[in-house]
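Got some structures for you, see below.
Here come two complexes built around chain A, the first alongside chain B, the second alongside chain C.
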Partner chain A sequence: MLLKSTYNEFIKIAAKPRSYLGLGAITILVGVILFALKADGMSFIEFVTSSFEQTLSFEGNILNGNLVAFIILQMLVIHIPLLVALVTGDLVSGEAAMGTIRMLATKPISRTSLLLSKFIAGGAYTLLIVVWLGIMAVVVGKFLFGSGDLMVLNSDGLVILQEADINWRYFGGFTVAFLAMLTVSSLSICLSCFSDNSIGPIVTTMAIIILFIIIGTLDVSIFDNVRPFLFTTHMAAWRSFFEDPLPVADIRNSIVILLIHNLVFVFISLYKFNRKDITS
Partner chain B sequence: MDDKIIEVNKLSKYFGTFEAVKDVSFTVNKGDVFGFHGANGAGKSTTIRCILSLITPNNGDVKIFGESISTNRFEILKRVGSIIEKPDFYKYLSAERNLEIFARISGSDSTKKDIYKMLDFVGLNGREKDKVAGFSHGMKQRLGIAQTLLHNPDLIILDEPTTGLDPQGIIDIRNLILELKNQHNKTVLLSSHQLSEIEIIANRMLIINKGKSIIEGEVSKLLNAEELIVNIEVDNPEKCVLLISEHFPAIHIQEIKNNQLLIATDKNVIPDLTKALVAGEIQIFAIESKRKLEDFFIKIISN
Partner chain C sequence: MIKHIFILAGICLLSFNGLAQDATQTLNDLIAKMNSVKDYSVDAVITSDIPMVKILPTKATIYFKQKDKFKIDAKGIAILPKQGFTDISKLLAQKDSYTAVIMGNETISNVKTDIVSVFPVSDTSDLVLAKLWIDPLQDMVMKSQITTRSSGTVTILYTYGSQAKWGLPDKLVFTVDVKKFKIPKGVATDINKTSTKDQTKAVAKTGEIRIDLSNYKVNLGIKDEIFKK
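== the complex of A and B ==
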């Protein structure tokens, strides 16, 4: 029954016009960035590298597909949650608003299966969004700008990664980025269980993300103990794959914290949904 | 025991301090079209939601097919088809797709052919591929009926199925319910705030008011036991009053206005009264029953 219900969820997501907003938005946003970098990317690179010109000389194709993909990821990963929540935040509350949740709940399927199918479908949609971002950033980026070594500026200084050493880092980076977005998806579905309208969970998800990001960036000691456990702190963990040497412990820590968040959101949702009086 | 399809026992549901349903008990037997009547907000939908486990009651229990809904929900719901309040569908999907979605989780093996056959049965042939967003309320009700019947349930629960329908739609739904009972031997729990509808379709009924059961029994007995109010229009009302007073002392004359008399009487007296009026050479222009089911309902709940 879980599989049948999941199949139903896929059909619904595929038929909803809002599901294509995310894909369309990514296509347009990445397209604009690619166009801008193609048109005037070198001046951007010169601005970044100017501080190193005294000590280093740069040769070859610095503005290559790998760097473009990194720039795109850095610019967009923080905005993807909205595109994810737009669909996943509607999965339960949208059905309540439409009244179809009433129809579903009178069928011989457990509420647990009904909700888990929504989590699975929401996860699949999130994966689609992240994969599409990957295709647009890495594949189209390399197609337009060619390949080459990746130059990354992080807190420890400049890291230069060999061309042959990059693809697996992108795979790892996108996997962790997916896990972070999956957490956003789980959060929005969880909030969706508490609401009977579509907008509430979407807005609340974004409000929580903004609040957590503010807490994460505020240099106030009172938040020091909280900050490492906020999922937003680990939303940028994909970047760790572009450090050398690889901070394995940090990555593992981020993955564990994101997974725990996902599990907590799923359990809260199941608890609420199974006890919810369907009055809509 | 096998004849009891639904057994509701001392069901209560509170929303905060609001008492939506209080100690409601009733039984629906096999083959019944059971009318569940009450004014808007009387607690009909809350009771039905409890029966279908959409709402968890605070007290009481519900048994369907002899099993408790709280412990055997999955097996019970396989044999139940329902529309609660109004049928809601995925507006962005076609009628066919909507039925596919609900059929898939109804525990049946409905094929595309079954879906088309059912859409044809409810009069939606030719609209299978149309999105529900373009459907009228009546068409959605028909699609709701199709969704209810697709998996061939033994028990059908319809909550206000004729609300918002045009007269032809109401007649169609009534005929469909009677067909389900008479030709397919289905048991139907029909909730309606229109007593006339229940009188036409149901064989047994329960009246609920402010969350409490008021009266339960056979529709024919409950509704016919009442005193009839009859309006008689004659050429000579004075002579008519005299005749009634002499020969029918049990008849209570309530009002005389122009050439019309309003009398309260037993239904069985009407034929004799008519004969007596004709024999007394009183011209009768009209005899009209003024008994209104709504009056009956108001009398019941005010008692």
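== the complex of A and C ==
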């Protein structure tokens, strides 16, 4: 029954035009970035390496598909939550707004299974968005710019990773990025259980993300104890896969915190949805 | 008394002139040896140990052709010093642009060398000073120290082996100034970093780049197209 309900949820997501907005937006955004980097990518690289190039020179194909994919991920991963929340924030509240949730609740399926099927469908849509971003960034990036060593700049300096050592890092990075986006999906579905209109959960999800990111980036000591537990802090954990040596403990910590957030959102949603007085 | 001062000044002037002439002769012999190499290609393994930069050793092929064609074809990304490869030969090729003086002697790797200081004639030159430790018997540079306004000081240690007859080294060790490195803010923001960096941790002010050279092909001819790629 859960599988059938999940299948139904897939069909509902596929039938909504807004579901294609995310895929379209990623295609256009990545296309614009690829075009810009193809046209004048070296000036971007020079801005990053200018401090080093007073003394050192970099030889080899620096602007390659691996670097382009990394730049795209860095630019877009923060913005992808909006595209995810646009669809997942509507999964419960949209039905409440349209009045279909009442009929849905009369079906021979428990409310728990019904809501879990929405979580699974939302997760699958999130996976689709992340995979599409990966295809556009890594596959198209490598097709246009070729492959090569990856130069990553972080606060500790420059890390140059060899070409043969990169693909598994992208796989790991995308997996953690998916987990982060899944947290956004879970949050928006959770908020969706508390609302009877579509816009509210979407806007609230984005507001929470913006608030948490501001708290995370503000270098104020009062937030020092809170910052490690905000899910937005761990939304950029995918970057850890591009450090050398690999910060295994940090990655594990990020995965655990994101999983805990997901579980908490699912349990809150189940608690609320099972007690929801469906009158619409 | 005045007579003695004049004699002393004359001796000083003559000895300085003599040192300059010795330096010019030493450099001329060095240039002649450098010019005997019309072209070469060599396989290189570049190992960098630079603060704030993490990179594994990189393989590359280096091409050189007289008078100043130079190209490094790296298999991946390679980090090299901005200066030091062709600067000495370029500098010495323009004999009117510098003045050279022997400043003394020093033993490097059991080889007695002449220390030749090269000063640019022009005030606006990027080069401030070049010091060359030259083996006068084999006409080879054993060590060099180049100071420029733009890149600071680069010290290079040369180790010779199979290609010593051409004056081509088997190993180069560059020591470069790195104190000016700054990471652009914003570009490198790690929002997932919850631990603050230890500000008291000292960062080394020099970095080292070692280049091991092998499989020289000297004076076999290299097409100009290689340098255009």
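Side notes on the structure shown:
Everything below uses one rule, namely that the second predicted complex is superposed on the first by the 278 of 280 C-alpha atoms of A that agree within 3 Å, B and C clash if a C-alpha of one lies under 4 Å from a C-alpha of the other, contacts with A are read in each partner's own complex, and residues count from 1 in each chain.
Methods note: a contact is a pair of C-beta atoms (placed from the backbone, for glycine too) under 8 Å apart; a residue touches a chain by one contact, two chains touch by 3 or more.
Keep in mind that what you see is a predicted model, and the values were worked out from it rather than measured.
For the composite obtained by overlaying on chain A, chain B and chain C can both be accommodated side by side without a clash.
In the superposition on chain A, A:98 makes contact with chain B only, while chain C stays out of contact range.
Comparing chain C and chain B on the residues of chain A they touch gives the larger count to C. With chain A as the corner point and C-alpha centres for all three chains, the angle toward chain B and chain C works out to 170 degrees, nearest 10. In the overlay built on the shared chain, the residue A:154 is in contact with chain C alone; chain B does not reach it.
Chain B and chain C never share a C-alpha pair closer than 40 Å once the two structures are laid over each other. Overlap of the chain B and chain C interfaces on chain A comprises no residues. Put simply, chain C touches chain A in their complex at residues 50-56, 58, 60, 72, 74-82, 150-152, 154, 176-178, 180-184, 187-194, 197. Contacts from chain B toward chain A in the complex involve residues 49, 52-56, 73-78, 80, 82, 84-93, 97, 101-102, 104-107, 147. By the touch criterion stated above, chain A contacts chain C in their complex at residues 47-48, 50-62, 148-149, 151, 153-160, 162-163, 213, 216-217, 227-228, 232-237, 239-240, 244, 250, 254.
Per the touch definition, chain A reaches chain B in the complex via residues 1, 4-5, 7-8, 11-12, 15-17, 98-100, 102-110, 275, 277-279.
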